[in-house]
């Protein structure tokens, strides 16, 4: 079986800075992967390459074996890649329900859309917020709204960029449960700093450092890895 | 010369269409003693305010003068002045307003040919008499409209041979790129060639052009004996400035069909920059006749000795023709003994003739233009020094294409082709 | 939400129809003609209120499509001696040009103020070019372009199929009012459709919309084209009503004026910009006949105050005011007035 | 040969002209995001200052190089205090407000000073290049344009004021945290933008003449230059002026002023299509 997502030798340069450096990455169908690494390690840039927001300088991206390198964002999204970006990326002027409606409506009948909107809100647990304008919600709630938006499109692969940021402890725990629940049907890649949170959800972890993959292993193994500790503590590493 | 017939048919079709709107016919306020209303549409603000303000003021002066002499038909006149803000859309709206709401007996106004062509068809439709008092390119043929300013056959015809005799036969024309400039420069070419000269080039400039650097170099490369300027408006004054700054004033002289007509040009630029520009108009403040001196004294007494600081001179071809247009209309009303539009038109067509500040002014019944004296002047230290005068010049250009006696229903602006 | 939305639209439409019927009954013929101009400019206003308010496209050159509509109508009507086909052509040409320009911009990923400037430059190019067509050599069929002077003697609207029967001014008023109300209803309808709601989403957040699989460029292009078609409709009525069209339609002023109406009326609404358009237009006519006032001084002063006192625009501003007054009446305590911070950061 | 030189001078003058009319706007719009539609009126006020002072017997050069920037700068500060400061961060409202302001200034100047003022001329003389005569004033304008660009670089890069202003525009809170008052910095920056515009209006007055409505002729060109230039004030204005000025002036020489203007607009559109963030969005990014 073909992997769900594969990158070969992916490179993204800005001027003289190399943000993503020759990354070979493989994700199987139904997998849940965590991506960790210090600030500036290239995780968000990697996501932007995957979703067509940046056109990679070199290398290839394959989704279910089909090359998607350099496609428009909306084409990639239509193939079944959804993303929750680092800064909540929602329609602030619309209500929660309308936000999710926009996502659910693509390619579906009005009746199906209505059902999916209800489901997505229930799944994330924000049904009580349905009529509120998103712009006036708290940061953590907006994160959940964005998650519901992504879910409503029913993508095969979901990318989550720091989903737990700005959440209370309870919200974080609920989020972990939601992610595990999502993973029953869909594959995920989650970027997160909070190692507690990573432990809650992940089996396999990929560590980014200076744009390249430093380590890729089981969560426990990664936590024990000396190089990873050095990176997080800011020590110099011989890469 | 050819005539654009198709356009004429269209225009009459359009005006015929509006006859359905007979409800729009103004009902004259005939109550005895009520004021007679006179409409004045001039640009008192915006880009053309320097020309429009004096016209409106002098129109007001003419109204006051008539009132001082007892008014018309035993009634007082009242001026409904509207500021068209140098905006064509407002011309259309305000023409409607004065004609249909205020129901004025006559409208004086319009400065550019563009504005005239907006309000002229409209006023004809509303059966409101119209006086256009600006020097222009000639060719308006409309029984509802009287044009009291000068046209090229009256002025350019005199100007061209004079300056060619003085300076030489090679002419370089620079003209404003619209109706007036296009047609007037064609007349310039015609008269230059008739006098055995040659127009080296005719360059057109939209009214907002201020950059004349390349043009000045092109003129130098062409080496003409004189430059004929048909430039219009404040932006185009940049030409005279840049010309003087390049030291060209002593090299190649300039004649103009427009410079100083609105009165402000010689003020806006310095005496050195304007020195020696020769022009030809129907009125100069320096005309040395008792009538003009008396007129100037009256205006001075009424509107002040000098224009308020920062405003141009009051008395120019444009404003004095406006005064004369008002007086001609008043004479027509007196003669007709009524305000009825057709009766007034017929009275005016009887060839009314008045002695005016600019000399004798006679309405030409065939074209609704005027036969008037024209003058040729040299600009010396901001004063127009009159070089020559030509008595009783007929509007020969319009006469060649327009005969309202034969075709009273004509409604056309002929583009006189040369 | 839906019933209220529908209620507002129906109420506005009813009011519009009532006013349309009422005006010729109470007003002079002259006033009817003046109101026709307001109505025509109202259609033009709606075109920008739509693409900006619902599509988030800031167009500094909406005059281009208005002018193209007017010129197309004028040239075609003079050539055909009939006005129905020219009327449709005007809408079509304006929409086509808007689509071409929109393709150029949206597929080139221009946005924001850069897009605004491109639209402005586009209309200025047409303005410059059309201004330099005064010479007799610039003819399209039997119509002379006329440069700065524009095209005079544009035929008035005739009954479709019968070129000899022309509408009288009151009928023209009805026609213009019909198109204004129809445009309003059309836009309200679009707003309620899936496409309309998506375009609002795109306005709110382009990146999010494209990450959900929507082709943002396509949606914006459609919105822009519809806006162009409506502006073209306004332009055609404008040329027919005034029986002339001149290059001023392409001028900076014409494009800026409509921006100001929309902004003063409130971006995101339709009725607000319409009221602002009518109000400011009436004001500018009224001020022209006041002998003691300098029109520019007064108009400028009023605009400045409007911005400072009603920062969100007329309609939303009045809504705020009424909420505030009601709250005041209820509570009888000084409410918290939210003023814009005296200093802020760059947008 | 002589013709080539004459063309070169005219091209440089056109470039300098664009620099003059747009550098103040680059500061006010580029740094502060104020869409100042009244920019053309600031130029006009500069011109009026020169003309009125010349009438009052003040030396024209003093009026042009000292009084015009001073007066317009102060007017700018006053406008900022009474008006603009309520509008920061509301870019579109500034468009509406300054449009009103622009009408108001035109009306005000017409009422108070009149619409017909004697122009000024400066006697710099002219000189000959082969068969051609060229105005000495053209060289002066080129000089002023170059000096303005250099001075703006110097102020922004090397002075405390420039540094603070740049910092505040990036992040007002930061400046406040450093104990600086952002409102004052905004006021001064706006004043400087206005002053530069006043200077430009003064310097151009002898060529363009002054009438209250003259601003409209410059406003579109100034905005197009600034936006085509992109984010960097000096490099952007300089590069955009050079490109647009030379294209339009050379086209004018080859054809007519209309085609020259159209060429300028056309290049601007094409450029924005290729470089949607302006010239300095791609090149000279790290410059000022």
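We just call them A, B, C and D in the order they show up, numbering each chain from 1.
Keep this in mind: a residue touches a chain if its C-beta (ideal position, glycine included) is under 8 Å from a C-beta of that chain, and two chains touch if they have at least 3 such contacts.
Computed from a prediction, not measured in an experiment: that's the story for all the values here.
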item	value
Maximum centroid distance from chain B, chain identifier (CA atoms)	A
Pair sharing more residue contacts (C-beta pairs) when B-C is set against A-C	B-C
Geometric centre distance via CA averages, chain C-chain B, whole Å	36
Geometric centre distance via CA averages, chain B-chain A, whole Å	75
Centroid spacing, where centroids are CA-atom means, of chain A and chain C in whole angstrom	43
Approximate Å spacing (C-alpha centroids) for the pair chain A, chain D	47
Residues of chain C touching at least two other chains	128, 131-132, 294-296
Where chain A touches two or more other chains, by residue	none
Junction residues of chain B - those touching two or more other chains	45-46, 177, 204, 206
Pairs of chains satisfying the touch condition	A-C, B-C, B-D, C-D
Residue numbers on chain A that touch chain C, as the complex places them	51, 53, 72-74, 77-78, 82-83, 85, 89-94, 98, 101-103, 105-106, 149, 153
Residue numbers on chain D that touch chain B, as the complex places them	3, 6-7, 10, 13-14, 17, 107, 110, 113-121, 124-127, 131-138, 206-209, 211-214, 216-217, 249, 252-253, 256-258, 260
Touching residues on chain C, where the partner in the complex is chain D	58, 104-105, 108-111, 113-114, 117-118, 120-122, 124-125, 128-129, 131-132, 252, 256, 259-260, 263-264, 267, 294-304, 306-308, 311, 340-347
Touching residues on chain B, where the partner in the complex is chain C	6-7, 10-11, 13-14, 17-18, 20-21, 23-24, 44-46, 80-85, 87-90, 92-94, 96-97, 99-101, 112-114, 117-118, 121-122, 177-179, 181-182, 204, 206-207, 413, 415, 417
For the chain D and chain C complex, residues of the former touching the latter	32-33, 35, 37, 83, 85-93, 95-97, 99-108, 110-111, 169, 171-173, 182-183, 186, 216, 219-220, 223-224, 227, 256, 258, 261-262, 265-266, 268-269, 272-273, 276-278
